[in-house]
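Please go over the structures that come below.
Next come two complexes, and both contain chain A; in the first it sits with chain B, in the second with chain C.
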Partner chain A sequence: MKPRNAQIQLGESTAAIVVIIILIVLGLVFYSVLSRSNVDDKKIEIANLEAIEVASFATAIPELHCTFLGAASANCFDAVKVANFSSLLSSDTDAYLYYAEFFKNARISIEEVYPGNASWLIYENNKSVRQSELPVYIPINLYYPLDDDYSFAVLKVVKYS
Partner chain B sequence: MAIAKKAAIEMQFNWIFIIIAGAVLLAFFFIITQSQRESSKINADLKILQHTDTVLKNIEQSSLNSDSTIVTLGFPKTAFQISCGEVSELSIQDSGYAVSLKNQAVFSPKNLEGSKINAWIVNYNIPYKVMPFVYLTAADRLFVFVNDSNSGGKVEQLFYEFSANFSSVLVNDISSVPEGYDTYVYVTYSTTSNTPNINPSNPKYLIIHIKPDSGSDYDGVGNVQFYKTGEAVPHAGFAYLKKESVFGAMFSEDGNFYKCTMEKVFTRAKYVNTLHADRAIAIQKNMTNTVCEPVYVWPVYYLHEMKSMNFSSMPDYYDNLIKLEKGNKDLAKLSCPLLY
Partner chain C sequence: MKSQIEIMGLAVIIILVAVGFFFIISFKLNKPQIDHVQTLRDNQFAQQYVTSLVKTNTQCGFTITELMQDCAVFHNINCTVDSCTYLNRTLEVIANKTLLNWSYTYNLSINELHLEFQNPQRNCTATMPRAAQGFELITLYGLGDVMITLDVCK
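Here is the complex of A and B:
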């Protein structure tokens, strides 16, 4: 039995709609792939920014800095303050939670490079599900007030995201 | 006749089909456009918030090299809300997005609106650094320093220590205050009177009346009283310590906002004092120099005492700071390791 004219026309219209829908769906899939890659880029950008923020905070706080009559010395950490701050955060939960607001999910440590080889773990919070680690290394001077002496050290900030 | 009728029905059916398909396509593109519009608004809000947050998070670094820094934040006209209390955050009105200010000392009105927000970052040195203060305001706020006979010239000094980046005037008489601002902050000072000697007629104002303790001034210790529009008695009165906290009172929404922020400052000060005390003890214990060793005894005692002091015990806190400063100078004279 030959199809009637109306049936043919209906078939054509339906085919046109199907083709348009396929094109739209393809467009949406392409768009969502692009958006997802944008979101991933944004996540990386935010993680990098957070790592720098934490490192920047750690290098600037008066709790660790060398001061001389109240004036801070750039890139200089007081070794006694470093040791005390490390033990404060490990022994006082309130203090740990207070500074966790700034340091977030990170590991902050100081490693002496020359002439000694002392190291201090200042802060660690890796409770989140770790997907990536962004380390930031900052060379610093370590000041020993009792000997009035300096050594070279590295502040290592690893931001977990 | 029958064929013509059939053709007419077919034509009608085609048109109905085209209209329905067209409507579906139009609706589809309309929905896509709307969602794009919403997502670009969300994106813009998030970018503004992220930018502001980055500036606020980096204040410790900015404050390292300079005791006073000005940052101007520019963006499309935005309405911010700033809260201090159980929840301390900065949010964009009606967006649902916020950044935490839980442990940051931000003195600000509760609502900030405009395309330009000025931030003044000042180190809180008492004299050792505790943390940086952030003062936020929009262009619609005028600071009026009332240099009347009660102030003894102190308001004029305070005016010249205030940042020139904010709208401010020094007047002898408040009748000469320029008009056109949304909020007026009047700063008055008296060593003898607890009440300001002015009665502004502006629709929205805040009076900050500074009354220093005996023998002190605005950069020492005393009280600040807060009067809002139409209030004959202050709605709040709290202690201040150093001029940075007086500026904090001037930028705050009201007395309660100031108190809330100062309590956050004293939480940080408690940890800073603990570390200074522990450091002094560690140095004293390992000290072989018998000249230096006894000089640490009293400063350690004062620092320990300050750990348990809070915002309400400012005069004692200030006394201890003076003694610490003296102790630090004594150590400097003897070439011993300093307290700070």
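Here is the complex of A and C:
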């Protein structure tokens, strides 16, 4: 029995619809791949922004700043305060939890570059696996009040995300 | 004849979809990527670097500022070598331990003293786009001034 004309047309229409659906599905797959790469870029950017936020907070906290006659000096950290703050956060859980609200998942350290090479781990909370792409380096002066000396140091912030 | 026209119709649809994808891809790829985070970081970094650097005490006891002043005019300081040589060595050590170690493309210079430090692999020349610049002007107490500049290139 020969197929009728209407059946042939129906078959053609079905084939056309199938081809169009395949094209749409391919398009969606392609678009989702593109979107995923965009989402990854955004995640990295957000992690970097958070790192800067934490770094800004770390550079602004008065607990570590050099003070002269009560006035804080910009870009200057007192080495004695840094050492005490570091040991406080590593030994006192309450203090650690208090600052964890501000520093979140991050690693904050101070590394002396010149003339000495001392370093202090201020804070570390590494609950997540991935690390933000780049650490934030903030050049600072480290002030030794007993010697009245300034050294060149770097505040390093790595935000975990 | 009719089926040929239908095939042509299908081909037109496929071509339209392909052209659509082409436009989407070219739009996505050509969209300029402005890294606001990097810009913010570089802008603060260059100025903070220079500000901190000039206040730093050297192993000789003098600050970078004092060494710059002495090298430019006074020539009184003796740190086993003269102040210019000592300044040169100190700045090179600091730049190598920081900027070079982090693979930055930079140019740390004191033009008046003919001192310049760059990443040997990637020079930060005047024609390159600057990410940020930081500078500090050191007074020579009525005898002019000396400027230390840090350029961070993209």
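By our rule, the second predicted complex is superposed on the first by the 157 of 161 C-alpha atoms of A that agree within 3 Å, B and C clash if a C-alpha of one lies under 4 Å from a C-alpha of the other, contacts with A are read in each partner's own complex, and residues count from 1 in each chain.
Here is the rule we use: contacts are C-beta pairs under 8 Å (C-beta built on N, C-alpha and C of every residue); 3 or more make two chains touch, one makes a residue touch a chain.
Quick caveat, the model's predicted, so the values are computed rather than measured.
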| item | value |
| --- | --- |
| Partner chain(s) touched by A:K104 [first = chain B, second = chain C, both, neither] | neither |
| Touched partner set for A:L49, first chain B, second chain C, both or neither | both |
| Chain B versus chain C as contact partner of A:L146, first or second or both or neither | first |
| First (chain B), second (chain C), both or neither touched by A:V154 | second |
| Which superposed partner A:I20 touches (first chain B, second chain C, both, neither) | both |
| Which of chain B and chain C A:I61 touches, first, second, both or neither | first |
| Chain B and chain C footprints on chain A, overlapping residues | 20, 49, 74 |
| Chain B partner contacts - residues on chain A that touch it in the complex | 6, 9, 13, 17, 20, 24, 46, 49, 53, 56-57, 59-63, 65, 67-70, 72, 74, 78, 80-81, 83-85, 88, 95, 98, 101-102, 145-146, 148 |
| Chain C residues within the chain A interface of the complex | 3, 6, 9-10, 13-14, 17, 20-21, 24-25, 28, 35-38, 40-41, 44-45, 48-49, 51-53, 55-59, 63, 90, 93-94, 97-98, 102 |
| Chain A partner contacts - residues on chain B that touch it in the complex | 10, 14, 17, 21, 25, 28, 50, 54, 57-58, 60-61, 63-65, 100, 102-103, 125, 127-131, 267-268, 271-272, 274-275, 278-279, 282-283, 286-287, 328, 332, 337-338, 340 |
| Residue ranges of chain A touching chain C (in the complex, touch as defined) | 12, 16, 19-20, 23, 27, 30-31, 34, 45, 48-49, 52, 74-76, 113-115, 136-141, 149-154 |
